[in-house]
Amino acid sequence: MNTTRRSILKASALSAAGTLASPYFFHRTAQAADVIKVGVLFSQTGGLSIIEKSLADATLMAISEINATGGVLGKQIQPIVEDGASDPKTFNEKASKLVIQDKVPTVFACYTSASRKAVLPVFERRANLLFYPTYYEGFECSKNVVYTGAVPNQQLSNFIPWIIKTLGKKKFFIVGSNYIYPREMAKVCKVLIEQNGGQWVADEYLELGDSEWGSMVNKIKSSGCDVVLSNVVGDSVVAFYREFKNQGLSHAKLPICATVTSEIEIAAMGPEYAVGSFTSFPYFMAIDTDANKQFVERYRAFVKNPKAVTHHALESSYFQVFLWKQAVAKAGEAMPIPIRNAVMGQEFNAPNGHVKIEPANLHTWLTPRIAEWQADGQGKIIDTYPAPIMPLPYVAYGETEKNLFCTGKGLDTAKLKG
Amino acid sequence: MAEIIFIGLSLSSILLLVALGLAITYGAMGVINMAHGELVMAGAYVTVLSGIWLHLNIIAAIPLAFLVTALIGYLIERLVVRRLYGRLLDTLLATWGVAILIQQAVRLEFGLSFFGRHIAGLGVGLQNVTVPEALTGAITIGGVQVNAFRAFIIGVTVVLTFATWLLMYRSSFGVQVRAIMRNPNMAAACGINVQRVNALTFAYGSGLAGVAGVMMSGFKTVFPDMGTPMVVDGFLVVAAGGVGSLLGTILSAGLLGQINGIVASVTNDILARAMVFAVVILIIVLKPRGLFSYRGR
Amino acid sequence: MDAKRRLDYATYAVFIALIMCAPLVLEEFWLNRIAKFLVYGMLGVAASLCWGYAGILNLGQGLFFGLGAYMMAMSLKLASPTSLQQGSDKPVPDFMLWNAEPGAPTDLCCINRGSFLWLPFQHQWFGVMMGLLVPVVVAAGLGWVMFRKRIAGVFVSIITLALVLLVRLVLIDAQPLTNGFNGLTDLGYLTIGGFEFDPYSAATYYLVASALSLSLILARMLVETRAGLILQAIRDDQNRVRYLGFDVPVYQIFFFAVSAAIGGIAGILYVVVADFASPTFLDLTFSITMVIWAAVGGRGSLLGACIGAILINTIEARVSETEGFLQAWRAIIGLIFVLVVLFLPRGLAGLANDAGEWLTGRLGGGRRRATAPRVASSE
Amino acid sequence: MPAALTIDGIGVDFSGVKAVDGVSMVIEEGELRVLLGANGAGKTTLMDLISGKTKSTQGQVFLYDTEITNWEEPAIARAGLGRKFQIPSVFKELTVRRNLEVASCHNPRVFANLGFGLPRAARRRLDEVLALTGLTAQAETIAGTLSHGETQWLELGLLIVQNPRVLLLDEPTAGMTAAETHRTAEIIKDLRGSHTILVVEHDMAFVREIAERITVMHLGQVLAEGDIASIESDARVRAAYLGSRGIG
């Protein structure tokens, strides 16, 4: 069965070679009978593997849990794991391999926006489906991506008012790594700060991956701010918090309020440097529910590391597989576009609570939370939004729940201009 | 202003710490050791591991890291570099391969991860080094509040630089090294065991990288890729300073560090970094042999 | 023409025939993947020309690749449907809209301070032309500064390295103009005379394969000319050449620029094949990797370096997609680098060359090998 | 006969050290002049000054009627001055024939050299030079594998092909066996007449074999000038040489 299909494929490739191969040519011949193949594409090597390996692990764990309960549509899910090697070129190449050669109906992939941007053309041109688990800057309205991480409004719309009203801090020093996400977060922050009666005194960036914070912290010291809003990512975070303390600053007087600092970075810097600082995320390892505690236990057992930490993107990597499974079950077939259509409006009880895919923009309803970091490296959750809030990827341009920019019809660019 | 100068000084000392080892292996031996950054990384991991397994603090880890990385350096010289003395640009490529191997060794926990074994302190993740209480926070020197750990790094750099100067210019070993640097054949003819001296010189330069790694571990985060950007900075410093001149390396580290610090505080960090690259290019273009060079003519 | 050179030309012919016939047996995905590798092959040719023939170890080849790629991607970005959805016929890249200051005009001319630079890129021929010209001009300028100052050896490497890192920094920082770290994606198709080059089509493959073949042949012809000979003489002994009356920097600049042109074309084609441009093209790692492809293939052989690039990438792809090697493949590649540099200093081409000489020696009736150590003078 | 090379009070000051100090010399067209002197007398520096490698701080150099003082090396070479180095310098990775082909490209411009091969006359000349330097059998040998003597001859060959009007030869027999030295002398004698030659040499046997006129340098200055007999009997020359290593 399989072999004949392959020879047909070859023959058709031969005939297609001379002319232009039609982009959607091979889709219908995708699946073997007994398994559903899916792609899992994260960096297993290179600098980003620090975090991405844990995302791949969480994805694989979800797949194995689904398989243990009978799979989906009576079939087992077979993950095809590839290595993005922390390099957008490799991501692009491996995504093509998964989509075109392996003909998977869905790929769970990518941590950074840069890698997502590099694989995007593959999914859009080949009408395939990407599940993307990371919080990101927004401004994307692809019909071929399901976004299960937070967008700026889900991290900031409760955070900034809380900083101003509850913490009583008014003068913000905004600092970030120099790339899109921190810059867009800064943009949204500024809007929210002004709306809530605060002010920002500076908006500064450091090269991504640079960990020389001496000058920056010195600037923070002399800027007269009373709160630091950090959109710093990756290993830079560690050096930042250490420099902060070592230049004699304290979170009690001048707290760092971060949008990216997660359990991973806290563990790497040593919790003593972060005690008293804050982070806003929809998920924290410390969420005090049985569902989450069990999730953490299962994850630690799965990766055979009793000290492994969980974090927001990891949790999204996990629950998005279940959303996908529900969509496949609803669609009744494992094909990209039917899955995409079926995933709209899917709901699931994730470790962080209730999540739902917004049908209009394929982003996820999430519950914003604020945590204060403790000496044990865990966040103490001190503020939880009463309910999940709607994802607004274009919030920086005034997108509201009533006035969506990205809908099933695509992006309404006229609204962007306004 | 004093704070800005101090930060510049600190940046200089960090550059110098990494460049010092290169000033030996590249400056004196001409070997373009792209694995130097990985030796820094190895030093940092020695700190992590000795903290976890031997409960040593960061200061006690200094000699240990020196020995371990010196040994790794010795092995690199014996196994790889020694075969390439005739074609020094090739050392760049071979040691780049070595760098990948060292990174992967740490990431894959020397291959044990394939067998499901994990060693605490190795692997892909970020590692944490505890810094003694005395070295955290700020101290006040002459009315200026400075970062204690940065001050510590400056101190260590001064000591290492002095030790290196003693070794290179005031010891019989240094005489031999400098003799080989000028003319290896003549040095051999004078009865110097060139191979042995080369191996030991390389080991010493690598050991310095290890100490740099210990310092970095208390300052930045420890992970397998941490060394790559450092080796680039290191080479820029040594090349701008003048190959083979310890004084040149010191001055160029001082200059680049201060430029970085001052530009960063006046404008921003991105521009400061761009400025450092531009200054290095300018120095090499204007003075192709660097600020200082041992070749008089 | 001696037997050895004839064999050499035959290898070129066979290689070109092979890559031209590949679409007959390759499936769609591999066609696209090999097209990417052929682009890398061009980078191998550029590296070999620069390093093997001119003796210039350029650690910033990624600069020329990146510049070519960005010029092309700018053009294709404006050709993307999402740039045209603005309710007018004037394209504006989507990222410029959301990077714009509030209240800024939404016209490409003036949406931000530098956006007018994008205006001519509405014509694809302009993008292609700039993708070729900008690397050449930058290389010529850089070469003018470096080579007239008689900077050589490792100092050239350090300058090129510092420059590529500098440009990368600027590129990322100029986010309103370049989309910063995310690079340029969501591009339109390259369209020539109404014909669209779909990245996965055989046509695109042929475009790349022809470009590679052409640059191989052209580079080979160039090094066979008298100028190419003088270039190799410069590599061996600059001073001697100077005293023969040649202006050494002029030759170095010329070939440096040619190698940059090949790098630029490779960048252009990579964007066509892979559909995106990213500042990671200017990463140090990538530039060093190119040099290593050339070293493995054989820096002294244009074809060798080209095949080296294709081969290493194929091995990387294969090994990294083999179960069990998912995390170890990099270590294997690292080991190959070390071993090749240590034991095959002339790379695979050196091996092939020795085999070829042995073969022609046999066929040619035991002709003496040119590179064999001489026993005695024939007096 | 016109003067082919006129040196007028040339000198250089290496931050206080005057390696060459006010040397003047006139070499007539077709003459073969030998430059003698102890180590450190400034012979090689003088050649550096003439050929443009070192920039002079005083004096002038004329090639026929053209002043070439402190020109760039290629410009001086194009004006008609060729130089052979003390340490033989050839293109080590090219074959002997290809080495000579490089020197056969008489048009220095890049674009003029974007053609293939050499004109027939140049190829014939190349074969003659191969024969003259005795390298015909080694024509396809990689230069880096030649013996020391052969490398010297190849460099001479490069100069002959380059065909400059004035030749500077810096110790062309250094490190050669007696037989090789003799051979070299033959080559140089062959060039005499058609070229103006200035040779730096230590080997007195060789000097006696080829020399017409000799200039002796000492401590950066001209000590004596004359034919071989007068130089060998010159008391100052003897004193200068005895002060260091002695003549011969």
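Per-chain numbering from 1; labels A, B, C and D assigned in written order.
FYI, a contact is a pair of C-beta atoms (placed from the backbone, for glycine too) under 8 Å apart; a residue touches a chain by one contact, two chains touch by 3 or more.
Just so you know, these numbers come straight off a predicted model, no measurement behind them.
Think of each touching pair as a link: the shortest run of links from chain B to chain D has 2 of them. Listed by label, the chains that touch chain A and also chain D are C. For the pairs C-D and A-C, the count of C-beta pairs in contact is higher at A-C. A centroid comparison over C-alpha atoms places D as the chain most distant from chain A. One simple way to say how far apart two chains are is to compare their mean CA positions; for chain C and chain D this gives 43 Å. If you average the CA atoms of chain A and of chain B, the two centres end up 36 Å from each other. Our note on geometry: chain B versus chain C, Cα centroid distance of 32 Å, whole angstroms.
Residue positions 104, 107, 270, 273 of chain B are each in touch with at least two other chains.
Residues of chain D in contact with two or more other chains: none. Across the assembly, chain A contributes 45, 178, 207 as residues in contact with two or more other chains. Looking at which chains touch one another, you get A-B, A-C, B-C, C-D. By the touch rule above, chain C contacts chain B in their complex via residues 57, 145-146, 149-151, 153-155, 157-159, 161-163, 165-166, 169-170, 173, 284-285, 288, 291-292, 295, 327-328, 330-331, 333-338, 341-342, 345.
On the side of chain B, the complex with chain C involves touching residues 32, 34, 80, 83-84, 87-90, 92-94, 96-101, 103-105, 107-108, 111, 113-114, 228, 232, 235-236, 239, 270, 273-274, 277-278, 280-281, 284-286, 288.
Residues 45-47, 49-50, 53, 178, 204-207, 209-212, 214-216, 218-219, 221, 235, 238-239, 242-243, 245-248, 264-265, 267-270, 304-305, 307 of chain A are the ones that touch chain B when the two sit in their complex.
The part of chain A that touches chain C in the complex is made up of residues 9-10, 13-14, 16-21, 23, 25-26, 44-45, 81-83, 85, 87-89, 92-93, 96-97, 100-101, 113-114, 117-118, 120-122, 124-125, 139, 178-180, 183-184, 207-208, 394, 396-397, 410-411, 413-414, 416-417.
Across the complex, chain B meets chain A through its residues 3-4, 7, 10-11, 14, 104, 107, 116, 118, 120, 124-131, 136-138, 145, 147-150, 219-223, 225-226, 229, 260-261, 264-265, 268-270, 272-273.
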